[in-house]
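All chains are identified by letter, namely A, B, C and D, in their written order; residue positions are counted from 1 within each chain.
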Amino acid sequence: MAQLSVEEVGRYGRQLILPEWGRRGQESVKGNSVLIVGVGGLGCPCALYLAAAGIGRLGLLDYDRVELSNLHRQVLHCENRVGVAKSESGRDAVKGLNSHISVTTHTVLLDSSNALSILSQYDIIVDATDNVATRYLLNDGCVLLGKPLVSGSALRFEGQLTVYGWRGGPCYRCLFPSPPPPASVTNCSEGGVLGVVPGVIGSLQALEALKIASGMEPLYSQQLLLFDALGGGFRTIRLRPRQPQCAVCGENPSITALIDYELFCGSRADDKDKRVDIL
Amino acid sequence: MSELRIHLEFSGGAELLVGKTKHHDIALPHQPHPWSLRQLIAWIRDNLLKERAELFVTGESVRPGILVLVNSTDWELLGQLDYTLQPNDHVIFISTLHGG
Amino acid sequence: MAQLSVEEVGRYGRQLILPEWGRRGQESVKGNSVLIVGVGGLGCPCALYLAAAGIGRLGLLDYDRVELSNLHRQVLHCENRVGVAKSESGRDAVKGLNSHISVTTHTVLLDSSNALSILSQYDIIVDATDNVATRYLLNDGCVLLGKPLVSGSALRFEGQLTVYGWRGGPCYRCLFPSPPPPASVTNCSEGGVLGVVPGVIGSLQALEALKIASGMEPLYSQQLLLFDALGGGFRTIRLRPRQPQCAVCGENPSITALIDYELFCGSRADDKDKRVDIL
Amino acid sequence: MSELRIHLEFSGGAELLVGKTKHHDIALPHQPHPWSLRQLIAWIRDNLLKERAELFVTGESVRPGILVLVNSTDWELLGQLDYTLQPNDHVIFISTLHGG
């Protein structure tokens, strides 16, 4: 179990005195590692709160560079770091908040050739990505490696969150065996998003990862959190458990290795910010 | 012989297919057999959809990526297409989000 | 109506294309001002997301200095700024994210002698404080000045949020005409708090302030949001409306000027971090 | 003649007064008159409280700073102390938080 230094005891004092967390929980969190895939609207608040809480090792994966149009929601970045790789910008921010944590940057596009080797370096994976293909890739990779996947998403005024692959709960394919028609998929560049919405979801993703890392149960395994900032507020949905016929996590999986996800989904695995034309 | 009143909700972008309206109070006409979710989906396709049907249905079910919930529960736990609608049920069709 | 520059149109593009927000909403937000009272666990994420979204003018009020034990939750601050006034540390962080917004620091202890003159400079007030006396002070000040109060709180694993003084909704005294017995009140230094919990509540406070600033309805006026990160998740409670017999916002108010709140509550209006002794 | 089963919940720190247990399924004994919230509070004081009573009650009501909710609704909207408990009601005693 990872030991806490005197300075860390001072830093995490407000958490150490929580009976349900305590020294044991803090050391457990220090001994855990989380990979955040996507250092954008969801990934930024997630990284911030994981670093603040004292996660032992944080992986930040993103192949993109900071752009001005990111800053309304991607709050780890800043004006000075426009043009910098998001993974590195994120690392600078979290190290400034908490120099005790170890940060590894992965400035790559995640795909079937590198995913298993990267994911296997971490205990918990956070899906903070922005496209369908990568979501299926992450799901399959996590199932194959036996790692929990804290999945969040946001668009317009809405957010969704659930934990896949945890203790009898479903995986992404259990819910969505087939990918959506490309014409039905909207990303934040096309549909827009109010910045604070991924702020809320990303913070909750950090909470879920911390619950798991500290030995507690996540809130949203086999539950789907729906958030509607326009009027509906928060709702929690009871989900199906792991499905015996699931192609990757079921009794007789047909998927035993990563596939070509762009082909599977009929869409690209990136979300390059497009020029936005305002009428 | 009365109609079956239920509340429909469309979310996650699915509302764009039904006139950008999220909430619909509807009264399904009386019929000899109980209304199933299978029949409700067909009814929505024929009566509510303003946009391309293939963005809502595939065959007799919803298209991949749409999750159906009844009273805050995944329809998979309730019999999926065979679930029998009850008066005042709250049925949500939510498109799963992929953005971040 | 505040005009947007070309650079701002680029920065806020993902919000401008939202039909319910659009140019009109963005300009309305630019023309609004929010005072965040308390640049701590709640105030930090709130300031971050208000700045990101383009609030016109932000006030940051806090009399305290950054301490190491703050950094597990007060994510606007950083190791380099331990010892700096929190109001100034907060200003540095938000100006780095968004240099367009105007930031005013108030490095004072808010009390009956200065509250009305400070509050009157802003459109919307965010209660991100940590003690009972200041909460009553803010409430009464907002009622007397006719300003909405976005109130959040957090302790241990729980958070609460509501908007007071908005269109027929209650004020704090409508719910709590009398202050709690001092022995029943616990602050974060004594009870502890998991850092991400005020992270979620503070982000939601930013959302509520943005809803009001952009001309939309807040989610939680006459509603109380309860958040239990241990297991209960989110719940929304329907609250009473404005109470005709309320001492400050009712039909015949007996409170028409600010009072001595420390006397009223029988407790101090600060929450100095006490030394935490870990067994 | 049966008992009245309800679910109690204590939150926001109030749970510390009842053995640090948030949830309690209780069965109130049968009595000729209906159970009111006023009577429930007295019953809790006499049967559940492990700590100093003044941190929960003041007179016949809850002490200042505790909000009482029935089925996700502020008791003020339901008649406050006079509200008559129904079977399976979910009553929450929540201490308002002041920290940040």
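In this text, contacts are C-beta pairs under 8 Å (C-beta built on N, C-alpha and C of every residue); 3 or more make two chains touch, one makes a residue touch a chain.
Listed by chain with UniProt protein names: B, D = Ubiquitin-related modifier 1 homolog.
From a predicted model like this one, the values you see are computed outputs, not experimental measurements.
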(request) Could you grab the centroid distance between chain B and chain D? Build each centroid from C-alpha atoms only and quote it in angstrom. (result) 40
(message) Distance between chain C and chain D based on Cα centroids, please, to the nearest Å.
(response) 30
(message) Multi-chain contacts only, two chains or more: what residues does chain A have there?
(response) 156, 188, 191, 193, 236
(request) Spell out, as numbers or ranges, the residues of chain D touching 2 or more other chains. (result) none
(request) Chain touch graph shape: choose line, ring, star, complete or other and state it. (result) line
(request) Throw together a list of every chain pair that touches. (result) A-B, A-C, C-D
(request) Give every residue of chain A touching chain B within the complex, in rising order. (result) 38, 40-43, 128-132, 135, 152-156, 158-160, 175-181, 183-188, 191, 193, 198, 224, 226, 228, 232, 235-240, 243, 271
(message) Applying the document's contact rule, which stretches of chain C touch chain A when the two form their complex?
(response) 7, 9-18, 20-21, 23, 45, 48-49, 52-54, 68-69, 71-73, 75, 77-80, 96-99, 156-157, 188-189, 191-197, 199-200, 203-204, 206-207, 210-211, 216-217, 219-220, 223, 225, 229-231, 233-234, 236, 276, 278
(message) Under the stated contact criterion, what part of chain D meets chain C in this complex?
(response) 11-13, 22, 52, 54-55, 63-67, 69, 72-74, 76-77, 94-100
